[in-house]
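Shared between the two complexes below is chain A, which pairs with chain B and chain C, respectively.
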Partner chain A sequence: MSGLTPGFRGHRRIESDRVPPGQYLTEDFPVLSAGPTPSIGTDDWTFTVVAETGERHVWDWRQFAALPQETPTADIHCVTRWSKLDTTWKGVSIDTLLAEVDTTADFAVVHTFDGYTTNMPFADITDGQAWVVTEYEGEPLAAEHGGPARFLLPHLYFWKSAKWVSAITLHDEDNPGFWERAGYHDYGDPWLEQRYQSGW
Partner chain B sequence: MWQKARLVERRVETASATTLVFEPEQWDGHLAGQHADIRLTADDGYQAVRSYSLAAPARDGRIEFTVQRVIDGEVSPYLCDDLPEGAYAEIRGPVGGWFVWREADTRPVMLVAGGSGIVPLQAMIRQRRAVASRVPFRLLYSVRSPAEVIYSDELARPSLNGGLETSLLYTREAPPEVRRPLGRIGLADITAHGWPPEFEPACFICGPAGFVEAAAKILIALGHDSHRIKTERFG
Partner chain C sequence: MNDHIDGNMLAGALWQVFRPDITAAQARCAGCGMVGPVAGLTVYADAPGTVARCVRCEQVNLQLVQSPTDLWLSTTGLSFLRFRIPGQ
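And then the complex of A and B:
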């Protein structure tokens, strides 16, 4: 690569096999969102699962808090290139939320209180891979980070872990979400650097 | 995907912000507000990539970024100070289809900038000028001191800015004639210098996370519909 950016050395951050290509580690927790932070009180909060058959399951805040809680620890990777290791969360596994749902769906769409959506294959949100979380690092989740509850899907880029989550809908077909239609990759595997749709 | 781009011009904007003009091999244009990735490569193959907002419409195949130097940053000091004119970096883009202004949208526009958050908003102002749009723009630009105003000459020239009203909001130090008390952006600033919600303006807010959060809260409190407010946060 001679002639490119002569004299550039870089900082040689500590190499880690837990940091995907093109990412750097941060100790902070940057805030990224497309619009204002919505204010959602737990009195008004509900979480809904809608199967492809139209079957609905709804939990209010108290019912949700009574579900079995898990405390996942996860490395998270933002498409804007920061990664953060060993983040700790508390919330309910999607497996728990789907336990009573009769579905053969192949895809899921996550919806939020401010009207955004993000999509993923159904197989990516089951078997202990995804949660709806209400605590971060032992504290109630701050509104700017998605509180009262956000989706957590750490093995894909972090825009898939939608803030202010309100519902999951299950589908037979793939329905690209808000960021996916705005140029981000449909799947978003950080280890394959699936950041953008081709052509962007 | 990645392409080589030659640095053809460097303009110092302020003590900490520098504009870099690149000539990519091929550029098919971009929307005002989009960004692009810049990749730097060391002799041993080590690479670093950052995203920067495009500061102006493409012209004669050239694109420009305004980069704020981050103290001890890995990439920005090199771009601002060390990349020689005539040398190449790699560029990929444009990226981002959300935080953009399109001239076909005729709603009035309210731009709210904090510090170097002005860059993608200035791209919108320049796009408006380039296409001779008559969409009315208002810019509220929060900045520490007069010396830190990026694009100050351009923003101060009435002949360039018909239909654009600019209000500078100083937080630490202001010229003597400024009567507004020093301080962060507040409700009174947006009431006095922004568009009222009943005009249904398209609102773009860009700056540090805390600034964007505060400004967006004010717009919501004034009755602006959250779906008309687009934000871009950094830091």
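And then the complex of A and C:
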């Protein structure tokens, strides 16, 4: 068909290379919730990093907004099989939040205002791989998508990108989180389809 | 001397209670102590798994995760499930 130029086909091929196995592309941004959506005002919001030594660093909303902001563009992949390409965010890199933290931790746990947790190796949240984001597509992050702030860890399944994020704790040992304790994979690499715990 | 036996002995007791409809069982929330039928829990199904929360304190009582081959049931948010023994 004349409307399908070689360039267009090339673009589609490249897009499909960006969709992990077992996933389909969506233009929507589906809302998944394991509980009621909490209402968190920015006056009540804080973000805390706790190192394995107990050393704590806390930012309130104004202090957090004054940190260097980044605008990552990321492809996101939900374990329920939808993927969304080129999502745009604004927030603070975890590297910035860890700059003053003295740690030799091997693992991290992300905590939220509604009691959710999710775990990952420490090496996966550093070197420009993870952020705490407060804007999506140029707008303040809506509460249903985790506002005022959510964790963003796009190279793992999106359940790791916890909504309503409140803290990161650092640990010497792995501490499986809300879904990781309940049957989902401990690591969750979408390119390896690490959806569920394997073995018996 | 060995003071315990293996889990096979549970089969005799538990076959009576895991055949009936679990939604009729009474569940006690480990958070606030609320006791009520499993069917009365607040369920969130639009999530990677299914989450059932206490109607009073919203604590997660049950989590259900289903893969193509397996089903995980997490009951850590409950202190008990109480079943009527069939025929009693």
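Simple rule for what comes next: the second predicted complex is superposed on the first by the 183 of 200 C-alpha atoms of A that agree within 3 Å, B and C clash if a C-alpha of one lies under 4 Å from a C-alpha of the other, contacts with A are read in each partner's own complex, and residues count from 1 in each chain.
The rule is simple: a residue touches a chain if its C-beta (ideal position, glycine included) is under 8 Å from a C-beta of that chain, and two chains touch if they have at least 3 such contacts.
All values reported here derive from a predicted model rather than from experimental measurement.
Of the two partner chains placed by superposition, only chain B is touched by A:E144; chain C is not. Using the contact criterion defined above for the overlaid structures, shared-chain residue A:G22 touches chain B, although it does not reach chain C. Once the two complexes are laid over each other on the shared chain, residue contacts for A:G183 go to chain B and to chain C alike.
Look at A:W159: by the touch rule set out above, it reaches chain C but stays clear of chain B. Legend: residue contacts after superposition of the two complexes on their common chain; A:R81 is shown touching chain B, with no touch to chain C. In the superposition on chain A, the chain among chain B and chain C reaching more residues of chain A is B. Of the two partner chains, both chain B and chain C are touched by A:G35.
Touched by chain B in one complex and by chain C in the other are residues 31-36, 80, 115, 179, 181-183, 196 of chain A.
The residues of chain A lying in touch with chain B in their complex are 1, 3-13, 22, 24, 30-38, 80-81, 114-115, 144, 179, 181-183, 196, 200.
In the complex of the two chains, the chain C residues touching chain A come out as 44, 46-49, 51, 53, 58, 60, 63, 65, 67, 70, 72, 74, 76. Residue ranges of chain B in contact with chain A, taken from their complex: 4, 40-42, 45-51, 74, 78, 82-84, 87-90, 93-99, 209, 213, 216-217, 219-220, 226-227, 229-231, 233-235. Chain A contributes residues 31-36, 78-80, 115, 159, 178-179, 181-184, 195-197 to its touches with chain C in the complex.
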